[in-house]
Each structure stands twice: as structure tokens, then as C-alpha cells.
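To keep things simple, chains are lettered A, B, C, D and E as they appear, and every chain counts its residues starting from 1.
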């Protein structure tokens, strides 16, 4: 019996600031033991508890895709005790990862469908994972059109530039990257995510939308999709709540009867409509 | 001066629960009183030394719990 | 002297009148509990609901607590049933700018002295008490397989024996007549019980008193003084007090909680009455209040004018302890 | 090291920036010798001193606390 | 599995046998209250008590529990890797645990051990190594409502063995393989003994007059209950203290924190409670359960709606009545559930 509270030891292989406001840092973590990497069998949408001895644990969405190898990618926002400590850690330092936790995006069920991904701010992490997974040669053929909408306040706050610039080059992805207000040196799209969605007007026929972002973005994106005729079952969202155990026991992340850590973090809008708004 | 009242109450409280009086010291020293500073350091150190290591209020996580 | 039942009836009458005249939006009082010796805080919004109000020697919560813990905007003007200690806490809350005098309509009551349910239970160890009723100066205690009468005087809360102000210090209306202001006991004789102990015995006595603490914070939450939005025990960066049952963590919590009550505590006893494991935290708080009396000659909550002792100073305050 | 090495207490010294901290500074400049047992914590004013600090020091195993304004 | 008779003068041998390879705990009179303590002498063990003051969940889920340790030294990066605390070294037995408390442990099993991922090492270790010998309730107290909560005064769920006090002797009913050895060599219960036990059970069940209805709670939708008007009144007098959750045998929320002392550190879990505003607050300051009403509602919804929905109808309450007795403001769970059921 494995003690699921014990984190796998990992080493920080790469740590770099991800945004101009220095709030986000991206970490590439390498397992110390190859057998742990084997055991850590995950899918896009899942998260892990990042553990720093002496500081604690924080639940963070996995930004890498299992198709990218054994190393794990996380982008961490500096808000609390643990995340602040992580920002001060260096490449080569040892820490822990516990997981994978939670459910994942229903990629199997999404096969054969058109996919619309809408991301705002740093909520893009698990959607990056999803995109990488979908665009992998083994998987791309199984899905229809892929639309990727991603917005941030300024160009300097957009994450994963290397990836989305490549996606923009691809013919099999409709990639719309937008910033809130025009700034010098930015020749891409300008406008809020909901407005961009309105422009693109993705069709609900045989399609699934993955929407992840700050509450204000969700609030204004929702009506756009409603107007286009999307049904609650077609819209998939990912929640976050304060967590400790990450495995559905400790009692703080639940939204009604559903534990975000175990039953989520991925829910359809149809599910969420029947639950209290405790998130 | 407000602090003085708070210190008085706190000191009495800590003595009341069993923290030895010699563990907690207060003094007024102006920035010109280097000699008084030296004297007080000596006095405080001696007083604490005489009491030996602190036994109470220590959070010890080595204990099995 | 009116019986508590008579007082209860008068409270109901006054509450109905105030609510039907629209003078207040809510009357905070007590209603009869579902277990023996525990009336509970009740909020009456209509004259009909006012029928549920009661008054007895089992009203052990400090109702002034609910003046600061109510969701904003739920009721603008409230009436509150207040005996001596509660009225003194209302004074304290007004002085600390938590409420204004105009917001509260005080239904003053002379405190009969409240019963300590733990003391009654201790008279019948391991037995189940099913019903306790007041009969003059006695309690009729019924349980599974027994029925006995107990003189009320024997089982009052410890703080009620040494109460310095049984009558409300401020009020808008008096229910029943005023009683002798004090219960006659001398608080300074019984406060700070560990002072008699040798310094090296005190820590053990302190530990023994608080050893059963389960860190539920009922003492803090029952206390009208503890209204901080973020209590020091909840502060995380830095963390002043660990969450464990380690003796250092328990001691830190109780020492600091007691200290925060310095010069404010009215010795209402709500903390001890709320404690699920029967800890006598007054052994700690009574010492601080005695200290405040001796050092600065102050008794909290007696009037609206005097300055709280720890927010003022005098040039000649004692300072022998400072070198 | 002998078995009975003399007990060296650890003392937390909370010093007011404007008074005792200045005195400590002056003592240093004046080459006045004092024992190395004190760990100085500079506070902006004695009024900033909180009972939490004192308890925290004891919790972390300090043997004595000295507050000086 | 077997009904035997244990004469009261044979109790010493019975306990002796338990003690051979276990540490034995039992309810004892400590400071006038029934409390759990290591059993030194047979005479200390209580037989006439309603229930222990606090629940025995602490044996399996201690209020403060060190989960793992590490060493924080710059020179030793391996030290930063968390090491689990050792398993329980000695087996234990809890004697005279009340059926409601045993039932509670069985409910908690469903939460602490769900599947491969949710398999609480610390809980399971202690559960596996502890034998529960129950004592049936012949005199339930007025706050008991176990019969409404999938339980009862003579319920055997979650127990390894059940004792029924027949006056001059005890009926010993072994229920699991773990307890088989205890019954060896004891005489079979006679028909009259079984009849007496059945009579006591019936009488005890009938003496429980507190009834709580769950049919409407089960039938109503989550949002219907969540938005019901009753919560505005239920929460009014609540102090948001943790008494109800800490005395409850089925409340199981916890917090995990790291503690450091010099170069050594540990990850420790402590009981936590949903009544605390801090419990759910996000790093950003946003709080999904920001009001007292949200938190009070959460506790009752969790026990009576969410757990039954998720755990096949099991209820997160066993009707022990401790919270009814100990709540400082008398928020009576029976009244609340009946209001939910209205």
C-alpha cells in the first residue's frame, strides 16, 4: 500500500519568470526516481500538489502534456507562503510533487468532435497541456477543427509564447491570441476574450468547449456561447478551491457534494448549474 | 508610555503562569547611554544564565504526536 | 423580588410592544433550549416570535456578542436583554466604536446569578440529567432514575458569586426591579488563584487547567471582546500560534487570548460556560483584571466616560520592573 | 569541550530603533565589551512591541527576552 | 457469528486475553466524566454511563498527527525528502465502545478509504490494528437519536464484538474473525439469554423518543435544500466555534501544515472545522463560503445530504447527541434536520 500523502521527490530542472509582472514563474520538474515518473500517470486537466518541505503544499494544474516526456511543467502564481518560497528556489533544488490528482478533460469522449478552447490569464496552464496533447501526431486525427482563444491583459502577461506562436503557424489550428488593450509592438488581436469569441462565433454543432479563466471572463463569455446555441453539456470548465489533502477527504474544496480535488476540477456547465456557487 | 502599561500587565501575567521573572527584562536606555546598555546586557545575561535553559513554552516538534 | 418566570413574562411583553410599535427591528433574548440548563440566544423579529422569549438562571451566553457578529444590514436597530455584565460589555463595545448607543435599545434585567451546568452535572457523576427546573431558591434536578433538589446558591457560576454589578449600568428600560448591586463576594479574594503557589508550581497548575483544551475556540467565539476579523491564531504569516494540541500551542493561545482581554473583560463567564470540556479560563483572566484594578484602579464597562486603561497612561505609572 | 561547559543562554533583545538600538550602536563604536548571547531584533519603536513577539521567542526556545526602549 | 456468555467474574480473564498482545483502552470515570483512557485495572472500566464525553475518533484520527518528517540542511538535499512516520507498533483494543461510535468509524472508513488514490495510510493503519468491542446501550439518553440515523442502541455495525449487559452476566456476540479468539472456551448463550438480550434491545430502541426524518432530505434536490429559508434562522445564534465538529464522531475535516524547528521539520495534520472562515479562503482573499450562513449550512448539508448522496445512503451522523449537549448556543441538530426534512 502506497502512502498517497508522501510526495515524489523531484528536482527543479528549469525555473524562469513567465510574465513581465514577475508574478508567474514556470518550473520544469524532473523526477529523482525513474519509477516515480512511471507511476505518475496523468492526463491533461489534472493537477498535482507541489510540496516544499517546511512550507507546505499547493495544488497547481499540470501544464505539460504526458506526450512531452517525463518532466512536469507548472506555472506558479506568487500569492502565498508556498508559492512565494517556490519563486525563490533555484534550478537544481529538490522539492516534491504529489499526484496526479483530480479528473481530466474528457479527451476520449471528445474524439470526433470540433474543439473550442477558451483561456484567460494564467488559467491557460491545463489548456496548454490539452493543446499539446491534441496536436500530437498520435491524436490530432481523432479530432475535428480546433479553435484556441487565449487572452491576457498585455503581451507580457501571455504565457507559453513559444507554443502558441507555433500553433499560429499551423493550418490545422485556428489560434486567436488577444490582449485587452492595444499597445505598441503588438500586431495581433486586441479585445477581451468574450468579444473575440463573439467574432469567431464557434458553432455548437458536434463541438465541445473548454473554458477556463478568471470569473469575470467566464461571466461575460457564458452569454456569448449561450447566444450561439451551445448547450450546458457541451461546455467544460475547470474549478479551483482551497485544498489540503487533494484526495477528497479534508473537506474544504467541495462544491455541494462534489469535491473539486477528486470529483473535479473538471466539470461540465450542466453539472455546475445544479450545484451551489461555492467557488 | 502606552507600552509601559502593556508590559506591566504582560510581565505579571507571564510570572503568574510560571515563567520565571528573570527571563523577561525591560529597560529604558537612551541612544547616548552606551555604558548603561553594556551594564544591562551583562545584568540580563547573568540573570538568564542563573536560571538555566528555558523549560516552558517551547514548541518541540521532535516529540511523537 | 420577581421570580425569573415573572421577569420572562415582562420581557415578552416589552419585546412585543417594541416590535409592534416598530421601535426596533429585532429583540435579542433567550429562548428555551432543547437540553436541560441551556437556554439559547434567540432573535425575535415579530411580536409572535417574541412569545418564544424566556428568562431563567440558565441564560449563560453573553448576548452583547451578537451585536457585533450580526451580518450587516440585517437589522438596523435591535433591542437586547442585558443584565449587569452584558450591559458592561455593551458599554465596552460602544467605547471601542463597534456599535453606537443609538443602535441598541437595552432591556435591563437584574441578574439572578446564572447556574453552572457543569457543577450540577458534577453532583450526579455519570448520570444522565433529563430536566432541571427552577423552584424559588432551589433547582429540581430530574434524571434517569432520580430526582433531587439542589440549592441554587451551591451551583452558580463562579463569576456570579463575585459579581460587582448585577444591575445594568446603562439601560433604556428596566424589567423587574433592581437588586443589590453586588452579590457580596470579594473578587480580589478569589481572583488569581495561582498567586498563592510557589513560582515553580505555577506552570504545572497552568498546564493542568488547560490540558483538556481541544482548540475549538468556543471561549473566543463566545466572548463579546473577541470580535477581531482575523484572530492572531488564524494569522499565518508569521504564524504566532501552531494549530496543534502541543502544550506550547495551547498555552500560547490562552495566554494571548487572556492578554487581549486585559482592561476589557467584565468577568461575564461566557467563556467558561461555552467550553465543551469545562476549562476554567477565568483562572487566567481574573488575574489580569485584578492586576488592572491594582495597577490602574480600573473596572471595565462601568461607565461610558472613563478611558480604557491600556489606551492611556500616567507619567507616574508603576515601572519598578523596568530598569 | 568539557562536559560541563558553562550554560550560554540565548537572549532575544528587542531594541527600539531610536533609543536602545542607538545605544547598542554607540556601545560598539565605543568598544564597550558585552557578552555575545543576545540576538538583537530592531523594532521601529517600543510601541511596536507585541506580546506575540515575546511568546514567539519563547516558543522557539529562547532562554530570555529583553525589551528595551 | 456466535453468541456466548461471559460471566462477570470472568471479565478479568477476558480483558487479560485482550491485553496479551494489545494495548487496551476503555471508558473510565475521569473527573466525573466518562472518558477514554488506557485500562489499568478491570475495576476502572465503566459499565454504566451514557457515552464518553468526547468521541473515540481520536484513536484513529488524532487531533494532532505527525504525518511525515524531513531534515532541512543545506548540505543534505536528500533530507528535504519527506519520510513517513512509522506505523503503529502495537495493536490496540477499545472495550465498551458504544455502537453509535463504532458505526461512526465505519462511516469514516468510507471516506478515508475510497479507492486506490483516496486511501488514507494513517487512518487505515490504526483501524486495521484496533479491535472494537462494543457495549450495547440499555439506557439511551434523551439526546440520542441513533435509531433515525441507520444505527441503534444495540447496533453491531463496525464492531468486532458486541457485549450486552444482562445484569449478572454479559452476552458476547463475536462479529468478525478478528474477535473469534475472544469467544473460545466460553459457554454458548442459552435461549433465555438471547431472549433477554432481544428484550433489552427492543426496550432500548423504544426508549429513544427523539426522531429525525430523512425522507424529504433524501428526496429534495441539493439546490432546493441549499436555498431553503431555514438557514437564515439556524445560523443566527451560531458562534462559528468548532465545538460541534470536534466532539462529533464523524466530522473528519483536517488541515495540513509544515512545522520547522531549526533543521528538523514535520508535516502535521490537525483537526480543522468548516465553521472557521479561514477554512476555505483562497490565497487571493476570495472566500467561497464567506458568511456564517454558508459555513453552518455546509456542516449540515455535508452530513445529511452530500455524504448520503455520495456514499450510498450512509449518513454523516450517527445520532450520538454530543453536539446537542455541547453546543454553547444549543443549535440542536435534530431540530435542524427536521426543518430540512419539512
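Rule of thumb we're sticking to: a contact is a pair of C-beta atoms (placed from the backbone, for glycine too) under 8 Å apart; a residue touches a chain by one contact, two chains touch by 3 or more.
Everything quoted here is computed from the prediction, not taken from an experiment.
Shared contact partners of subunit D and subunit E, listed by label, are B, C. Hopping across touching chains, the smallest step count from subunit B to subunit C is 1. Farthest chain from subunit B (centres taken as the mean of C-alpha atoms): A.
In terms of Cα centroid distance from the overall Cα mean, chain E ranks first. For subunit C, the chain whose average C-alpha position is most distant is A.
Spacing of subunit A relative to subunit C, judged by their CA centroids, is 51 angstrom. Centroid to centroid, with C-alpha atoms defining each point, subunit C and subunit E lie 32 Å apart.
With centres set at the average Cα position, the gap from subunit A to subunit D is 49 Å. With centres taken as mean Cα positions, subunit E sits 45 Å from subunit B.
Of all residues in subunit E, those touching 2 or more other chains are 64, 255, 257, 259-261, 265, 268, 272, listed in ascending order. Residue numbers of subunit C whose C-beta contacts span two or more other chains: 242, 244-246, 248, 252, 255, 259. Residue positions of subunit D touching 2 or more other chains, listed in rising order: 51, 55, 59-61.
Here subunit C touches subunit B in the complex through residues 192, 194-195, 199-206, 242, 244-246, 248-249, 251-252, 255, 258-259, 262-263, 284, 287-288, 291-292, 295-296, 309-313, 315, 317-319, 321-323, going by the rule given at the top. Those residues of subunit E that touch subunit C in the shared complex are 29, 32-34, 46, 48-50, 53-54, 63-64, 139, 141-143, 233, 236-237, 239-243, 245-247, 255, 257, 259, 268, 270-273, 276, 278, 291-293, 324-326, 328-332, 334-335. Looking at the complex, you find that subunit C touches subunit E at residues 33-35, 38-43, 61, 65-66, 69, 71, 121-122, 125-126, 128, 130, 144, 214-218, 220-222, 234, 242-246, 273-274, 276-277.
If you check the complex, the residues on subunit A that touch subunit E are 1-7, 9, 32, 51, 53-57, 79-80, 83, 93-96, 101, 240-242, 244-245, 247-257, 262, 274-279.
If you check the complex, the residues on subunit D that touch subunit B are 6-9, 11, 13, 18-27, 29-30, 32-35, 37-38, 46-47, 49, 51, 54-55, 58-69.
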